[in-house]
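Below, subunit A partners subunit B and then partners subunit C, in two separate complexes.
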Partner chain A sequence: MQYNFVVLLGDIKQISAEMVIILTIVVIMLMDILAPRGDKTLLAYISLGGTLLAALVCCTWNGVEQSIFSGALVVDRFAFFFKLMLFTITALTQLMSINYVKLRNINRGEFHALVLFATLGMLIMVSGADLLSIYLGLELNAIACCVLVAFLRQNVKSNEAALKYFVLSLFSSGILLYGISLVYGVTGEINIYKIARYLSGQQNVSHPMLHLGLVLLVVGFGFKVAYVPFHMWVPDVYEGAPISVAAFLSLGPKAAGFAVLVRIVMVAVFTLKVEWSILFSLLAVVTMTLGNLTALCQENIRRLLAYSGIAHVGYMLMGLVAAANYPQLGITSVIFYLLCYVFFNIGPFGIIILLCNKHKICEFIGDFDGLSVRSPLSAFVMTIFLLSLAGIPPMVGFVAKFLIFMAAMKAELYWLVAIGIINSAIAMFYYLRIVVAMYVRAPKPGLKINASPSLTIALAIMVGFTLLMGIYPALFIGFARYSIATLL
Partner chain B sequence: MISLNWYLVVSALLFCIGLIGVLVKRNVIMVFLCLELMLNAANLSLVAFSDYLGNIQGQIFTIFNITVAAAEAVVGLAIIISLYRNRAMTNVDDFNLLKW
Partner chain C sequence: MIPSITYQSQLGFPGLSIITFTPLLGALVIMFINQERKQLIQITALTFAVISLIFGLYIFTQFSTAGHSMQFVEKYSWIPSLGVSYHLGVDGISILLILLTAMLDAISILSTWKAITERVKEFMICMLILETCIIGVFVSLDLFLFYMFWEVMLVPMYFIIALWGGERRLYSAVKFFIYTLIGSLVMIPGILLIYFNYHQYALQHNLSQLYTFNLLKLYTVPIPMAKQFWIFITLSLGFAIKVPLVPFHTWLPDAHTDAPTAGSVVLAGVLLKVGIYGFLRISIPILPQISRQAVPYIAVVAIIGIVYGAALALAQTDIKRLIAYSSVSHMGFIMLGLFLFNQRGLEGGILQMINHGLSTSALFLIAGLIYERRHTRMIADFGGLYHQLPVFGVLFAIVTFSSIGLPGLNGFVGEFLILLGAFEANAVYAWFLVLGILLGAAYTLWLYQRIMMGKLDNPENQKLKDLDARELVTLIPFIILMFWIGLYPTPWLNVMRPAVETLVVQANRPLDLGASPQIPLAVEKVDTENWF
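After this line comes the complex of A and B, so read on.
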């Protein structure tokens, strides 16, 4: 097909949500320079408004299935699902940052523009249909995130976290690129759908170079998704980065990374499913066990959340393994897990922001002693999030875990389910440890709540969805099932 | 005419040198250079494959790649400079505030 101006305009119309984000970034950066010095809270509201507008625009394209820009990007329901999820994550991060940014003296214009840049990178990742656009999206996200982690310039911990994040992210991009070059060498294609077509046309797909390329790809994305052994950056970055950035990193790149991983393993190399299902089942076991065992001995809540996040990735990988035999069931459970994980994983970071002031960050479990006396409501909200993370029935965390285990049972991965259940039991201990600290121990002096309207709204949304999705999960499971219908 | 295999051997060697360098070098700047070496190894193999297969995609990929590597370098050096201002050292073993 000849590529002319009319086709180009049509393609640009399909990415109007991304265009809205780009325009918002430009407006924020210009206003940051042009506006007089002083309070620039307006910029935060502009970026929030831009995100919501982009989400609205994105909704108008729901149901369209089209490949655009000569097959570089694809607009489909799967991408739509993840785009909505990313907009939610970004909006929650921005709501949580509005007060926190002022507290830590962060330059507002740059901060909000970079959050949007990182979001833009992830949007490209989830709709990327060839390895080049996926790689570019990934790098845009990684570069923006590096700067976000380093934002507390005077703080040595933030510097160190940024250095570790940067070195490991470049390291993994190098490995990813080498993997891409090998896959390209064998198949002669960088488009995911063309790779799939090439592989399904071959008699014998077991080419050693292709296997090596695939392993390197899995390693490269492993950094984004944070499974063992590429998880080392997670706890350090969560501890060193500004708290709202840690909340953003705990979900955004993970969700986008999973979207890409699903697209690659389910579409491009589905013919190699025996190989990758073995690889992912081993990674799942190691990831959840190591994550949970290390989380047991953490005193810092941010590090605890980091290791618990690693363990959750292990559960999600279980769903991916099940998808080798039951694609529908497996992928639905994985993306539903990610969707509800948005709400109850950003939540605890919100509570940490709620408790921090100019001089002190309450990030140790000891700092939460007796929170129920000081502020019953915030202790209750934190308890809801923790119970959901632990997977206790009325909360959505239970439904999500149940779906994953059910998919794995159906695929007859009994040993994997057994290890998963033992791990959930271990995880119960460290989540309940925080609950015990809040409700049983005597309160410490100096614990103050620093609530702002925006943070309260963000927390209310997250609690609301955690409860709503737990009570009425069918609606959201239906949405997840709908969004993968055309992918598989 | 140099065959594809030689290019691949060189690129694999470069990649391994970079990989090992990242793991054993102690100076941040050296680590950073080894990372760049890894990226360039991938570039070399992309271009070699592109020539061998007679399709242009690998070369396009490489051009984008060089641009991305430049952007990464800017951010990376900025982070190293801000670290140096606060701590006045460049040995990776000394950056041990965050562990476990």
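After this line comes the complex of A and C, so read on.
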């Protein structure tokens, strides 16, 4: 087909949600320049409005799946699912940021624009159909995130975290590019679907260069998704970055990275499933075990959440391993996990922000001491998030974990399930520590609850979904199944 | 998406849901009451617990002892893609346990009127949520639903111990939580093995439903022996920790000792029964063949529990710890009765579940009453209380006799039935049971003697007041039921009989992997001669 202006317009129409984000960024940057002094809170609301508008526009998608921009991007259900998830993550981050940026004196136009830039990068990642557009999105996201991490300019930890993030991000991009070039060298294609077609036409696909390329891709995405041993940046970044940015990083890049990973392993190199399932099963074991064991001995609440996040990636990888033999159940479990993880993993960050004020930020588990006396409601909400992280019903964390175990059992990965269960038990210890701090320990003077309407709304949404999805998961499992129906 | 509804309750209204969720509703209501208004909170909690109990009693009057099927069934589609449904129903076993739960919860809420003065709001919320979860376990006919209730149960119990407990409450609470959490996590693979076994079977036999967690359907499906072994190991570990069977019992003395009175009452009264109920409702009917093979092992563990628990009880100096170890012993007794797989053993075991629920809860209430007066639980601090507290002394004596199985009281009936069953099955077991009864009499009577008899020589004990009306109200229902079951157990046995008959048939089913999926519900008439 000849690529002409009419086709281009049609393609642009397909990415109208992304266009809304771009327009919002432009508006924010212009307004930032035109009104150099004064309160930037308006910009925060504009960026939030832009995200919600983009989500609405995204929902008007008519369900027709097609590849656009000569196969660089693809519009399909899978991307639709992840786009909605990313808009949710971004909107929650923005809601949590509105008051927090004022508190930390970083209420600048760039902040709001950069969050949207990072989102844009992830949107490109999840709908990327060839390895280069995926790389493009990944880089856009990485650079924006890096600046966001460094946003607390006066803070040494923030700078250190940004530097670490930046260096590791560069490294992993290099590795990823090398992997892409190797895959291209063997198959002669960079489009995921064409790679799949090429490989399925081959008699013997076990080409050592292809294997190496696959390993390098897994390493490259490992940085985004944060599985061991590519997780080193996570605790430092969570600790140093502004808290709402840490919340954003704990999910956005992870979700986008998983989307890409699923697209690559389930479509492009599905023929190599024996190889990558072994690789991922090893990664899953190491990731969850190391994540949980390290989380056990953390005193800093954000480092604890970082390691707990790493452990959760391990559980998700279990689902990915199971997907080698049972794609439907395996991928459903992974993306359902991600979907509900949005709510109960960002939630604790919201509570941490709630406990911060101008003079002191909540840093240690000790800062939660006696929260149930000072603010019963926030202690209750935090308990719900923690129990959900630990996988206790009726919170959705249980259903998610149950689905992952179900997929692994169906694939007869009994040893993996056994390790997963031991890990779940270990994880309970450190979640319980926070609960104990909140309910059993005597309250400490000094830390006050600092609730703002936007933060309250965000917390209410998150706790609502954590319970709703746990009590009636059918709807959301159905959505996850629908979204992968055409991918596999 | 509107869930499809199949609704077969003979009541005309969803009675079981009401019993289950009334306490939860109460908890929600209490959340909106100002925490300073303690009295209002207490009354609200009691009201909702009593409403649940009243519905339970009403349903009990409507319960039919004629059929072998589940009654008051409610079934709604819940997660259709996984075959999960909201499926409730009761038989003769579970309805008794539901009544026991509702009663104990109402009584224990009443008993905390004065004992719990701090964080009354949170306490009542925990108690009510706990009641919902326990009743939920007893009414679930869907394995997924069962597991959900099973696991949520830990959370309120953890808080009850950790927040309102004794000196080492945090240690005990965490120990309880970790133990039972590991138990329930280990059950997940077992449950999933059952689930996927059904799936395979459904594919082979072209069944319309490929996936289900419906227990009644899972009962009909044979499971290969190798799989049964692993399922049994995983499930039994979860149940055994809850029961608790030796060697998984170490959480129990700590949890019982450090829990507040109401917590101990619910813990001893019904929470331990949940583990046994798991064996009855899941392990035995789904895995009958391996369960039969496991009898010698279970019996050995149970006998060790009986003797070891009794021996430890003899050596205790703390009243609550003594009662806790006596629970270990009694639980072994009940397990042995159930795993005889004959009509009498099962009937005795189930009746003894109720009996133990009554007598041990009453003992914990009594320990709580003493503690509220003297703020010590050490046996050595007491002596000769009978002179000071005559009414209390009489009630304590009745409870003690009930616990050791004196004829005319409830404990005797259950123990006697278990003994009959044991002699029928294997006389060696019976002799160990007799030994357990003897030891039980020894430590319980000795406890009574050291506290109530002798001289009232401790000056602090000379000022104690006898029971007031509220405290009498908490104890009288126990006394009435103890005499009722002891003197005229027939109605209770009649209620459970059909369910026990079904269970006997299920437990003695041979393994037939090619069998068509039909359950032999038409039971042969078992010898149901009335013994009392």
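By our rule, the second predicted complex is superposed on the first by the 485 of 488 C-alpha atoms of A that agree within 3 Å, B and C clash if a C-alpha of one lies under 4 Å from a C-alpha of the other, contacts with A are read in each partner's own complex, and residues count from 1 in each chain.
Basically, a residue touches a chain if its C-beta (ideal position, glycine included) is under 8 Å from a C-beta of that chain, and two chains touch if they have at least 3 such contacts.
In this text the structure is predicted, and so the values were computed from the model without any measurement.
Between subunit B and subunit C, more residues of subunit A are touched by B.
Of the two partner chains placed by the overlay, only subunit B lies in contact with A:153; subunit C stays clear of it. By the touch criterion defined above, A:178 lies against subunit B but remains apart from subunit C after alignment on the C-alpha atoms of chain A.
In the superposed model, A:439 makes contact with subunit C only, not with subunit B. Of the two partner chains placed around the shared chain by superposition, neither subunit B nor subunit C is touched by A:479.
When both complexes are overlaid on chain A, the residue A:190 reaches subunit B alone and has no touch with subunit C. When the two structures are aligned on the shared chain, A:162 is found in touch with subunit B, with no touch to subunit C. No residue of subunit A contacts both subunit B in one complex and subunit C in the other. By the touch criterion given at the top, residues 131-132, 135-136, 139, 142-143, 146-147, 150, 153-154, 156-157, 159-164, 166-167, 170-171, 173-175, 177-178, 180-182, 184-185, 188-190, 235-236, 239-240, 294, 298, 303 of subunit A touch subunit B in their complex. Residues 1, 35, 78-82, 122, 144, 147-148, 151-152, 154-155, 159, 162-163, 170, 174, 177-178, 181-182, 185-186, 188-189, 192-193, 195-196 of subunit C are the ones that touch subunit A when the two sit in their complex. By the touch criterion given at the top, residues 8, 11, 15, 18-19, 22, 28, 31-32, 35, 38-39, 41-43, 45-46, 49, 52-53, 55, 57-58, 60-61, 64-65, 68, 71-72, 75-76, 78-80, 82-83, 86-87, 95, 97-100 of subunit B touch subunit A in their complex. Of all residues in subunit A, those touching subunit C in their complex are 372, 376, 387, 392-394, 398, 402, 405-406, 409-410, 414, 417-418, 421, 424-425, 428-429, 432, 436, 439-440, 472-475, 477-478, 481.
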